[in-house]
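Common to both upcoming complexes is chain A, partnered first by chain B, then by chain C.
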Partner chain A sequence: MPNITVDNETLEFDGTQRLLQLCLETDVDLPHFCYHPAMSAPANCRQCLIEVGMPQINRETGKPNLDENGQPIIQFMPKLQTSCSMDAVDGMVIRTHKSSELVKRAQKDNLEFLLINHPLDCPICDQAGHCPLQNQTYKHGPEGSRFEFRKVGKPKQIDLGPNVVLDGERCINCTRCVRFTEEISKSNQLTIVERGVRNYPMTPPGVEFDEPYSMNVIDICPVGALTSKDSRFRARTWEMSKTASISTVNARGSNCYYWVKDNKIVEITPRTNMDVNEYWLADEDRLDYHKFNDNRPSGPTISGAEVTWEAAYKAVSDCLKGADGSRVQFVGSAYATVEDNYLLSKLAAAVGAATPIYLAHTEAGHGDSWLRTDDRTPNAQGCERLGFRAANAADLKSRILDGGIDVLYVMEEDPVALGLCSVADLSKVKVVLHFYNTTNQTLPAADVAIPAATAVETVGTLVNDQGLAQRLRPAKSIAGVNRTLSMEIGKCRADRHGTPFDKWYDESNLINCQPGWISLPKIAAELNVAMNYKGPRNIMAELSSANDAFAGATYEAMGEFGVRLSEIGVTA
Partner chain B sequence: MEEKKTKAGDWRSYQRVLLPPVKDLHKLDVYEKHEGYKALREVLTTDKWDPTSVTNEVKKSGLKGRGGAGFPTGLKWSFMPPVDPNIPRFLCCNGDESEPGTFKDRQLMEYNPHLVFEGMLIASYAMSIKTGYLYIRGEFADWITLMEEELEKAYAKGYVGKNIMGSGFSCEIVIHKGAGAYICGEESSLMSSLEGQRAYPRVKPPFPAQKGVWGYPTTINNVETLTCVPLIINKGGEWFSKIGASSHPGPVLYGISGHVNRPGVFEYPTGMLISDLIDEVAGGMRGGKKLKALIPGGSSTPILRADQIVGVTMDADSLRDAGSMMGTSGMLIMDEDVDIVSWLRRITQFYHHESCGQCTPCREGTGWLENIVTRLDEGNGQLRDLDILLDLCTQMEGRTVCALADAAAWPIRYTIDRFRSEFEAKCRPENVPSGGVLETA
Partner chain C sequence: MGDFIKHPFVDAPDRNPAPLIPGDQLVFTSEEKKQIQTWISRYPTADGAIMRALWLAQEKFSFLPPEVIKLVAEEVGIPYANAYGVATFYTQYFKEKKGKHVLDVCTCFSCQLCGGYDMLHYIEEKLGVHKGETTKDGLFTVQEAECLGACGTAPMLQITNGTFVHNLNKDKVDALLDALREGKMPAFTSVTLPQDEDEMGGNRRTDVNSVESYIVPPVSETVS
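After this line comes the complex of A and B, so read on.
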């Protein structure tokens, strides 16, 4: 294998590799701004300069010249080189700031230049706290400034499009945003305007930055020049905790972080998973979080009257107890996790009903060949793998109207909103409903309504459209105490949730709801059906060994990036 | 005192070849009567020449690029990769002439446009190129019109286009107008500009010969460089190599401006004594004033004091020894009345205005330099400003994609180095220490 010497340490490398990427992967934190692994390297920020040397080759023998110790003589290039634009070559020797005063000085000088026209408004900047410019200045920058003149003024508070706001003065002209629209999203909606020190990114005249992936430029912006119109000024980075989970807006299941403050979701940002979404996240994945915060229920209800959880469970079992199994229709959900749907199918089997159906939410033409899909649910594939089939709308409607259904058990769905039936149609049917939001249009028809935990409050598994099983992790707490849930939050939130080290634990905005894997076993218990699981981890362990369609999908195996399931047993 | 020696030989009886004294030479019929397209005909139609022998003849002539860097032209041509019929290759003729103090290519385009075309065609033949771009700065509107008209005539006569002179060799020439940015004269940003993109210089490697215009092999030569090529074919590389200084031979256009009696463009061999150029060619200093300083090759080449040019000739070696560069041989002559700090302020303002803004040190540094030099010029400076200026120069030099940062830093560095007392005199009197330690940043 070819090798390269970095700061007197010899490393092996594979194939073609950029020097900067090689350094970053071996924990040499070379400062940089314009480089992004997914995009071309214009080498314009000049922050990643290093010393590069090659062995001196004897012209006659073609072999390296050796010094008195028998080591090859290294000839260094006269100028510092940008590590982002150079490929590693066998035998190359490089010196970074760890061993070279020259490089150290160059990094400091460059940061001094970057900061002279930067507004230094960190106290009111949303990027502060996770700002590469701020971090690298603390690590490598100069103390104070020698600049005694007026800074260059540029346009501020410019709406580039519906979701992105520009502060031209903060911009350091790394052109990452421009290259994103040129090379990644290919919308070409951004360019650099003006010249020299007055440069800043802008849309061409008459163009709005409204592509469906526009907000990615906010994440890749190494300063606070591009901020989210939706979430800016709402919380400082250090006031939030973040949870690595997956998005539930479409069937791709893009990996993301949920940012939480006071038990409310504030922002959603991408999490790198090279198998699913790489570094990116669609705008729809980021903006559809209000459903987690607003219009949430205050507790279970029977015919609209609030009751205790025990009373609600009892009422559900009363609905099911005397019913004829063939006249009970269970409706699973492509929004709910595999675990909850699995428990629902067990409940259905226990009362003698048919395998649950699920409701499809496809919107032809919505998807693209990238991260958005026609399917607007996160787990249709999971339902299919459990043997659920998409409901035939006409058939279901006629069965309701003809009185063929006595009990309609709807888990985390909204058949009225989908137009399958009206509230009046359900007047003669007993309806049990697990629901997320009070805006659920089936709610007025529900005899018993059970508030369900949303995707950011539960533990579970979703299967995306490519058959990748991925874990959903809880980002915010719900009312009441549950050991499994608390433990899972503690594991996946960096702030040690609930422990004495948790600085941001907050009692406000706790929703009185339960995940399906808590409520369904309680209902089963009322029916004297055994459904004994310690938690979703055990449910998935059972499913992964019992059902070939989920083979291998244990929590341990899914880990951070998911498990690709085999193709068997799936009819899409 | 050592006797002044010119390397230009008997330059007083020199016969001009790039801009010969022929009336209406820009017209095709006049040009044809004066050996016009003879070199091209010889190259294309006789067995004596093939692409390799043309390149070798140019190598033999010792022709060095006239655009500023002085890179050997034949060697540059030989960097082009082997011909692959599926991969197009391009020639760019750089007529963006935007270095302050340089105005020689303009004369060639105005008075001898067909020599430019002929040079481009022969160079294209030598590198098996089928498309040559002539990039002219937009401000040269009149000459662009003229060249377009003359190019039409050359096309009509079959000197350019398909199957030239029945030889089977085809080459198109496309004239492209720039939009007036200094940076477009840098070869890689010229290519970006040609492609219709923002004129940001590109990282090298890859060099243009590997990845140039639209990602294909490209060679870029200055207008004056290419006009030398037909002469080399007509009269031989050996003839060319014997003109002027042996290490940097050939005829060259000296653009002399500033405080002389007869400023203008003059064609003479390389290796002319600077004193001869000022005193005889340019008619001596205006008003009998004393020479104070001189820029030998465009504003970014290091400035020379009057006492530094004694015995110095205009060729790469002699100027390097004197502490400067040949550059574009656009000479700025300044007499004793010039305020060097004011002059530097103007030059610094130019580089600030023209920095493309791609790389951090140049984008931010040029503005900062201008701020400080302006303050010094206005009499509000402090001695420590000089140290900061030199420090900033170090922070900029060699740390950017292209050489604009160096071009902006050198005038500052060398002006302070060679005229420090003038800067100190302009600093606020209370800030000039009487022997104390300087306040540093």
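After this line comes the complex of A and C, so read on.
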């Protein structure tokens, strides 16, 4: 295998590798701005300069010349090289800032150049705290600037498109955003205009930066030049907690981080998973988070009147107790986790009802061949694998109207909003509803309504359209549960160092709801049906061994990046 | 550029300008299209031909508003954004309407020392415009240019990205402006170098008739 020596340490590498990537992968933290592993390397930020040399070869013998210690003499290139644009070669010797004063000096001077026209507005900049330019200036930069003149002013607060705002002064012209539109999304909506000290990224006249993936340029921008119109000025990065989970807006299940402040979702950013979304996330995945924060219920209700959880569970069991199993219809949900749907199917079996159905939310033409899908739910495939089938709308409606259903048990769905039936149609049917939002249109028809935890408040598994089972982790906590007791929740500085006595401590946004894996066993207990699970981890362990369609999908195996399920049992 | 140093602010762009060229005129003739295709065929990828094609469009429409840049991009077959980035990069592509003759007066170091600013200010006074402006009759635009690579014959100016006028002085400027008003474009002038005076009769170029012999450059009025 070819060898390369980095700072006197010899490494082995495979195939064609760019020097910068090789260094990053071996924990040599080379500073860089314009390089991105998914895109071409224009080498225009000049921050990743290193010394590169090769053993000096004797032209006559074809063997390396040796010094007095018997070591090959290394001939370094006369000038520093950009490691992002140079491929590693067998025998190459490189020196980074760890061993070379010259490289250290180059990094420091280059940062001084980059900062000449960069405004010092970090205190009001959204990027501050997770800004490569800020971090690298702290690590490698000069102590001050020698530039005594006025900085160049450039266009600020320009809406490039509906979701992205440009601050031209902060831009260091790395061209990552331009290359993203050229090479990754291929919308070609951005370019660098003007030249020299006047240049900045911009759309050409008459063009809006409105592609469905536009907000990715915000993440790859190494400074605060491109910020999110939606979430800018809403929170500083150190005030938020960050939880690695998955997006639930479509069936692709793109991996993402949920950023939470005061127990509200503030922002959603991509999480790298090379099997699903690579480094990217569609705008729709980022912007559809208000459903987690707004119009949330305050507690369980019976016929609209608020009651205790115990009373609500009792009321649900009363609905189910005397009912004829064949006249009870369970409706599962492609929004709910595999675990919750599995418990629902067990409850249905205990009552003697048929396997639950689920409601499909397909929007033909919405998807593309990338991260958006026609299916607008995150877990339709999980429902199919549990043996649930998409509801036949006409059939369900006629059964409701003909009085064929006594109890309609709807978990985390909204049949009225889908037009399957009206509230009036349900007047003679007992309706049990687990719901996320008070805007749920089936809510007025519900006899018992149980607030359910949304995808950012629960633990569970979703199966994406490609059969990849992935974990949901709780990003925000719910009422009655201390944030830090939920072990997988992302912690912010306030969680680590704060107490309930701090003046900024805020419990007002804790939603009084329960995840299905807590509420369903409680209801089962009222019916004297045993559902003894310690939590979703146990449920999934049982399901993965009992059902071939979920074979291997334990929490341990899914980890951060999910498990690809076999094709067995898929009929969808 | 001088103003930019005192007041370094880049104006916000007009992102939806009204078209300046009527839609029916916004077309290339079949010869022009053929010419662009010939240029494209000379490069491995089509974007190599964008600069030639923009040049052709500027000669046709006299300047390059966004709609013309878009037309060129479509003709060459590259993204509009790319073409726009190229067009805004080079000052020689005129993004707004200029006079019939654009006088680029060099004020970079050599010309500055030899009286580049004297010439610029003389032209400005004579035409009654400031640099960057166009005369009312639409005949002249005066611009300050960075080094045009003719330091040996400083001070100098360039007419509309073309002919160089060397060894400027006030009489020469007067004569030049009169000639341009009459529609006479000065011919390409070859400048001899002192070391060539003895051989070749001073003329390195046998294909040009107009020859100026090298003179020791003047010194700017403001340099003492």
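Annotations for the structure displayed:
Rule of thumb we're sticking to: the second predicted complex is superposed on the first by the 548 of 572 C-alpha atoms of A that agree within 3 Å, B and C clash if a C-alpha of one lies under 4 Å from a C-alpha of the other, contacts with A are read in each partner's own complex, and residues count from 1 in each chain.
By our rule, a residue touches a chain if its C-beta (ideal position, glycine included) is under 8 Å from a C-beta of that chain, and two chains touch if they have at least 3 such contacts.
Just so it is clear, the model here is predicted, and its values are computed rather than measured.
Once the complexes are laid over each other on chain A, chain B and chain C cannot both fit and instead clash.
In the superposed model, B is the one of chain B and chain C that contacts more residues of chain A.
In the overlay built on the shared chain, the residue A:168 is in contact with chain C alone; chain B does not reach it. In the superposition on chain A, A:506 contacts neither chain B nor chain C. Judged by the touch definition given at the top, the superposed model places A:526 against neither chain B nor chain C. Using the contact criterion defined above for the overlaid structures, shared-chain residue A:158 touches chain C, although it does not reach chain B.
By the document's definition of touching, of the two partners only chain B reaches A:80; chain C does not. In the superposed model, A:210 lies in contact with neither chain B nor chain C.
Look at A:42: by the touch rule set out above, it reaches chain B but stays clear of chain C.
In the superposed pair of complexes, A:192 makes contact with chain B and with chain C alike.
By the touch criterion defined above, A:202 lies against chain C but remains apart from chain B after alignment on the C-alpha atoms of chain A. Looking at chain A, you'll find residues 152, 191-192, 194-195, 197-198 touch chain B in one structure and chain C in the other.
The residues of chain B lying in touch with chain A in their complex are 181, 198, 200, 203, 352-361, 363-368, 371, 388, 394-395, 398-401, 441.
Put simply, chain C touches chain A in their complex at residues 4, 8-17, 66, 69-70, 79-85, 88-91. The touching residues of chain A, when paired with chain B in their complex, are 41-47, 49, 78-80, 82, 85, 106, 109-110, 112-114, 116-117, 146-147, 149, 152, 172-173, 191-192, 194-199.
Listed in rising order, the residues of chain A touching chain C in the complex are 150-155, 158, 168, 178, 181-182, 188-195, 197-198, 200, 202-207.
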